[in-house]
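Below: one structure, written as C-alpha cells.
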Amino acid sequence: METLKFEYRGGRPCNPAQASALAGVVGSGNLEILVEQEPLNGACAVEVVTAAVGFGAIWQAVLDDFFARHPLADVRISINDVGATPAVVSLRLDQAVNAFLGGTA
Amino acid sequence: MTQSYYEASARERLAAVLDPSSFQEILPPSARVMSPHLRQLDTPAAFDDGIIVGEGRLDGQPVLAAAQEGGFMGGAVGEVHGAKLVGLLERALDTRPTAVLLLVESGGVRLHEANAGLIAVSEVMRAVLAVRGAGIPVIVLDGGQFGCFGGMGIVARLCDTVIISEEGRLGLSGPEVIETTCGVEEFDSRDRALVWRTVGGKHRTLLGEAGELVADATAAFRAAAIRALALTPDLSLEALEREHAALGQRIERFGECHDAVDIWRALGVEDPERLPLLEAADFNTVTAGKRA
Amino acid sequence: MRDWNTQARNREARLVRAAHLTQGKTVEAKDAAALLSAVLEPGDRVCLEGNNQKQADFLAKVLAGLDPARVHDLHMVQSVLALPEHLDVFDRGVASRLDFSFSGPQGARLAKLVAEGRINIGAIHTYLELFGRYFVDLTPRVSLVCAQAADRAGNLYTGPNTEDTPTIVEATAFKRGIVIAQVNQIVDSLPRVDIPADWVDFVIQSPKPHYIEPLFTRDPAQISEIQVLMAMMAIKGIYAEYEVNRLNHGIGFDTAAIELLLPTYAESLGLKGRICRHWALNPHPALIPAIEAGFVESVHSFGSELGMEKYIEARPDVFFTGPDGSMRSNRAMSQAAGHYACDMFIGSTLQIDLGGNSSTATLGRIAGFGGAPNMGSDARGRRHASPAWLKAGREAREGRGLMPRGQKLVVQMVETFREHMQPAFVERLDAWELAESAGMDLPPVMIYGEDVSHILTEEGIANLLLCRTDEEREQAIRGVAGYTPVGLARDKRMVENLRDRGIIRRPEDLGIDKSLATRDLLAARSVKDLVRASGGLYDPPKRFRNW
Amino acid sequence: MDAKLLLEQLFPAGQRVDFDGQYFSGTGQTADGEVAVIGTTDAAAIGVELAFRIAGQVLEIVRSHPRRPILLLVDTQGQRLSRRDELLGINGYMAHLAKCIEVARRAGHRVIGLVYSQAVSGGFLASSMLADTCYALPEAEVRVMNLPAMSRITKIAVERLQDLSQLSPVFAPGVENYLRMGAIAELWQGDLADCLEKALAAAVGHDARRDRGLARQGRLLAGPVAERVRHGGV
C-alpha cells in the first residue's frame, strides 16, 4: 500500500450540484473516487491510497491531464485504488466529477 | 444506468429499487467510517466499508434499506460493515418503518477481521429477529454477482422473505470452499450449471427457501419488494412448528436426492432438465403449485 | 536398377506387422499400444493431431506410453502442443525432434525441455507454413488423427471440428504413409463422409470421446467499459471508414466487444449491410446477435465451437455445413481465406514496440505462432481489388510515386496497460531476450510492424499507413500509448501535429461520446443473453453458465 | 473437556442426559430447578439433520416446559461441508434453529451457551452465539478459520498474520480474543455448577456483546458505529 498526495492550484471555483459524489468500487482493477467541496484556499487536493506500489509518476501524469480537463478549486478528491489502469482511473475521475457538478450519479 | 440488478452496483440497486430520489444515506462515504483492520493488513479499504445504509420510500411507504457491495471484498462482513447493518436494524425499532429491505450480496464473514465479522453477523441475526418481533417485516433481495453465503446466508433465511433472481445464489458454504475442503468429486465449483442448480435462485424458490423468483431486472425486484411490504412477521411457536414440520418433510422427501433435478422431478415438475433454461415468468408458470 | 517403390514396400511391411491386431480396419483400444509399436519405426516422422480445439488425446496417451527402447527418436510434426502427453513423448525419450506451430498451454514446459536439450526444435511455424511443409519436406510417415465417428469400412466423419484432419490425412495417405484414427464411436452409417476409407488404415474406438476445448467463447459479462469504448472506436474509425466487409477477428474480449456492438452501435450508425458481411472466423457465440440482426452473410470456420452445433445447423445460409446439417470446418482453407480473401485482421497482443512489431512471447515460455501471422500480414500475392484494400493501399503509397496496389488492414487493438499494470507498449520486445535464451534464429514476432496498418488503444487510433518517416511512425505509436513509459516519452508537439493530420485520432476526433461507452451498449451482457439471442439454440458449456 | 464429565461438574445434584451419536439432550438439576440441556460432542459437523434435531428439541422444551432455562453445550467444527447439505438448504436449517432459540427467549426461557470444547464458524453462529449470553471454558477453541487457511485465501503471509494476531484480537483463533471482543461473557473456571447458577441468576437484557467489546477494548467500533446509525440524522 502506498499513499500519494497531489495538489493543484489555479482552478476555477465551481458550483457543485451536491456536496460530495462517489464513483467506482474498491475492487480488483477498479477504484473508488470521492469528490467533495471543501475550502482549501483555491486548491484541488488529491489523496490516493493504492494497493499498487511504485506508480507515482503515472498517477501524476493522469491527474495532470485530469486537472487540465477539469480545473477545479476548493475540491478534495480522495481515491482508494486496487490497481486500476490509467484508462479506468481517467474514466472514473470524469464520472465522479460529472456526478459532482451535474448531480447525476 | 443498467437495468440489470446483477450488473448494478449496490448504490445503483438502491436508487432503482426505492422510490426515485427518496434514499438518504446514513454515514455516507464522506463520513469515512472505514475498517481500520484492513489497513493494518495492507489491504485497501472502502469509504463505506462495502455497505450502504439509510432511509427511503418504497411505493410511498417509509422503509429502511441496506445494500452490500459485492465488488468490495465480495460483500464480506467486517466490524464496521456489520455494525452499520445492526445499527440500521435497531433504528427500525425506534422509527418503525413499514419494512426493512436488505439488498444482500456477501460471501459471509470477512476473513481479514474474521472474529469481528462473525460476532457482527450474530448481532445482525439477533437484530433481525428483534425487528421482526416488533412486527416490522424484513425483506431480502438477492440477485448480485457474489450471491449470499456464509453467515449472511443464515441471516437471509431469518427474514420474512427472500426475493431472488435466477442469477442469485443462496447458501451457507460456497462451492469453492466445499471443493477445496472435500475435493472436486464432492462439488466441482467450476461446473457452473451444477453450482446454480444447487444454490441458484430457481432451486431455492422451488425448495421454498426463497419466496419469489424474479427476472434479473431492478424493476422486477422493486415490484416484488412492493408486494412483500404486505407481509406480517410471525415468530410464534405455531409458525416455527409449521416450519419445523416442513423442514422435516424436506429431509424425508429429498434427503436421498443426488441432484436438484431429482428434487424437481419429485416435486412433480415435468421435464425438470429444462427448468434452468426457462425465463423467470415461464418458470413461475411451469412450477406454480409445485413448490415444496 | 534403382528401386522407385521403397515407400510402398516399407508401408506394406508395417501393415503386415500389424495384421494380427485388426479385423478389417478396426483395432481394439486395448491393442492400441501394440499397434503403434508394430507400425512405428525409430526415427519416423509422426503427425499427432493436436489442434487448438480437437485433440487425438487417446492416441497421444498411448504414444507417450510406448517403450522407448523399441520406439525412439520420433520426429513429431503437429500444429498444437496442448496436452501434457504432447511433451511426455519427449520427456520419455520416445521422440526427440519437433516441428510445430503453437504451444499455448504447454509453453513453459516446452521452454524447459528445450533448455535441458530434451527437444530439438526444427522450427516454429504458422499453421499454413506447417501445413505447406507436410507436402514438401515434413511429410508424415505415420499420422495419428481423430474423428467423431467411423463406419465399418473406415470412412471418417469428423463432425463440426474437422479442423486439420483433411490436410494431415491427405499429406500422409498419398505419400504412402499410415493413417491411424481414434474415433468416439463406430457406426453402421455415417452422417457424412469427411475422409474416405481408402485414405485410412486403422480405426480405434477410444475409451472416452476426444477432448474439445471451447477456446473461442468469451463471456460478455467480462467485457469492460474501456473495451466498449475501444470497440466503438474500431467500428466508427476503421470499419466504417474503410467499409470493411471481409474480415477475421482474433480471439479476445476486445474483438468480442466489437461483435456485440454491431447490432447496437454499428446499427445506429447505419452500417448494416455496409460492413462485416463475410467472415473467416470460428463460430464465436458473441457473433450470434450480429447474425440475428442481419449483419452477417457468411462465416467460414477453422474449427467449430462447443455448444454452437444446433445454432449453426439452424443457420445454413450463414455457415458452411454438410448435407447432414453439421458444420464442416477446415483450418487450412480458412487460413488461406483469412490470408488472401479478407480485407482486415483485427486482434490483440501482449507487447508492441516502437516499430509496431508485436509479440505474445514472454520469458520462459515458447508459445509459438498459430494462425495469427497468416491473418495479420499483408497478402503480397493478392491481386483482386476491394474498396477497403484499395483505400489502405492508397493511403500507404500516396505521394510516393510508387506502383499503385492495395493493402490489407492489419489492426492491433490493445489497452495501454494490461492487468497488473503491465504496459502493452515497450521499447524492446521480450521476444529478443527469449530468442537469445532459447537459441532461436529470430525473435518470435507475431505481427511485423511493416504489416500493421493501425494501432487502436483507449487513447486513440494511430494510422500507420499515413506515416511517411520512421520518426512519424514512432510518434504515432507513442501518441496512442497512453501513460506507459513509451507514451509518456512522446514529443507532444509532434503528436498534436499528427493529430491535426488525422494520423492520430482521439475518440472526440471521431465524434464519439465517451459517456455512452457503457456495458448497456452490448447486444448481450451475459452468456444467457447469447442463448436468448439464439432463440435457445446455443447451448453453452457448463462452465460458462450461471443458471 | 469430555461432555459427560462436564455434565457431572455442572450438575452435581444430578442430571438425566441421553447421548445419541454426537447429539445429546436431557435435563440437569440446579438449586433453582431443572435446566434443559442440548448439545453435541466430538466437534460435530452441523449438517441439516443435526440442526433440525437441535431445533426440534428447543421447540419441544418451549411447548412442554414453559420458562425452563436452556443450556446449549455445542461442540462443533462448524457447518457440515457437503453438496448435499447445500442442496437441501442448510442455511435455512441453521436459520430455523436460530429462530427456535429466539422463540424460546421470547417465551421467557433463559438461553445460555457454554463453549466447552470447539466452536467454529457457522456451527457456532447458529447455536451458542444466539444464546442470551455465551460463556466458555478456558481450554475451549473458538475460531472462524485457522491461520494457514486464512493466509491461503487472503494471500497474506502466515508469518504476518501470526505477528498481527499478537496485537489484535480481530481475526486470529482463540477464546481470549472472543472474550476481549465481547462475544464470550466470561470464562468459567473452578466450580462450574456455581458458574451456571450465577449465570442463570444474572439479569437478561439487550444484546450486550458490543458494550463488552468496547469496555474490554477488543472491539472499539462496533458499538459506536451501530449507535451512530441507530440515532444519527440522514
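The chains carry the letters A, B, C and D, assigned in the order they are written, with residues numbered from 1 in each.
Everything below uses one rule, namely that a contact is a pair of C-beta atoms (placed from the backbone, for glycine too) under 8 Å apart; a residue touches a chain by one contact, two chains touch by 3 or more.
A quick note: this is a predicted structure, and the numbers were derived from the prediction, not measured.
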{"item": "Identifier of the chain whose CA centre is least distant from the whole-structure CA centre", "value": "B"}
{"item": "Which of A-B and A-C has more C-beta contact pairs", "value": "A-B"}
{"item": "Mean-CA-position distance for chain C and chain A (Å)", "value": "42"}
{"item": "Whole-Å gap between the CA centroids of chain A and chain B", "value": "33"}
{"item": "Cα-centroid distance, chain B relative to chain C, in whole angstrom", "value": "43"}
{"item": "Distance between the centres, which are taken as Cα means, of chain D and chain C, whole angstrom", "value": "59"}
{"item": "Contacts with two or more other chains, residues of chain A listed in rising order", "value": "none"}
{"item": "Chain D residues counted as touching two or more neighbouring chains", "value": "none"}
{"item": "Chain B: positions in contact with at least two other chains", "value": "42-43"}
{"item": "Every chain pair in contact, whichever chains are involved", "value": "A-B, A-C, B-C, B-D"}
{"item": "Chain B residues touching chain D - in the complex, by the definition given at the top", "value": "24-27, 33, 36-37, 40-43, 53-55, 79-80, 82-84, 86-88, 90-91, 94, 109, 111-123, 125-127, 129, 133, 150-151, 153-158, 170-173, 175, 177-178, 181-182, 186-187, 198-199, 203-204, 207, 209, 235-237, 240-241, 243-244, 247-248, 250-251, 254-255, 257-260, 263"}
{"item": "Parts of chain C lying in touch with chain B, wherever the complex brings them together", "value": "221, 518-520, 525-526, 531, 536, 542-547"}
{"item": "Chain B residues within the chain C interface of the complex", "value": "2-4, 6-7, 166-167, 190-196, 200, 202, 276-277"}
{"item": "Residues of chain B defined as touching chain A within the complex", "value": "9, 11, 15, 28-30, 39, 42-47, 50, 69, 71-73"}
{"item": "Residues of chain A that touch chain C when the two form their complex", "value": "29, 52, 55, 57-58, 61-62, 83, 85-88, 91, 94, 98"}
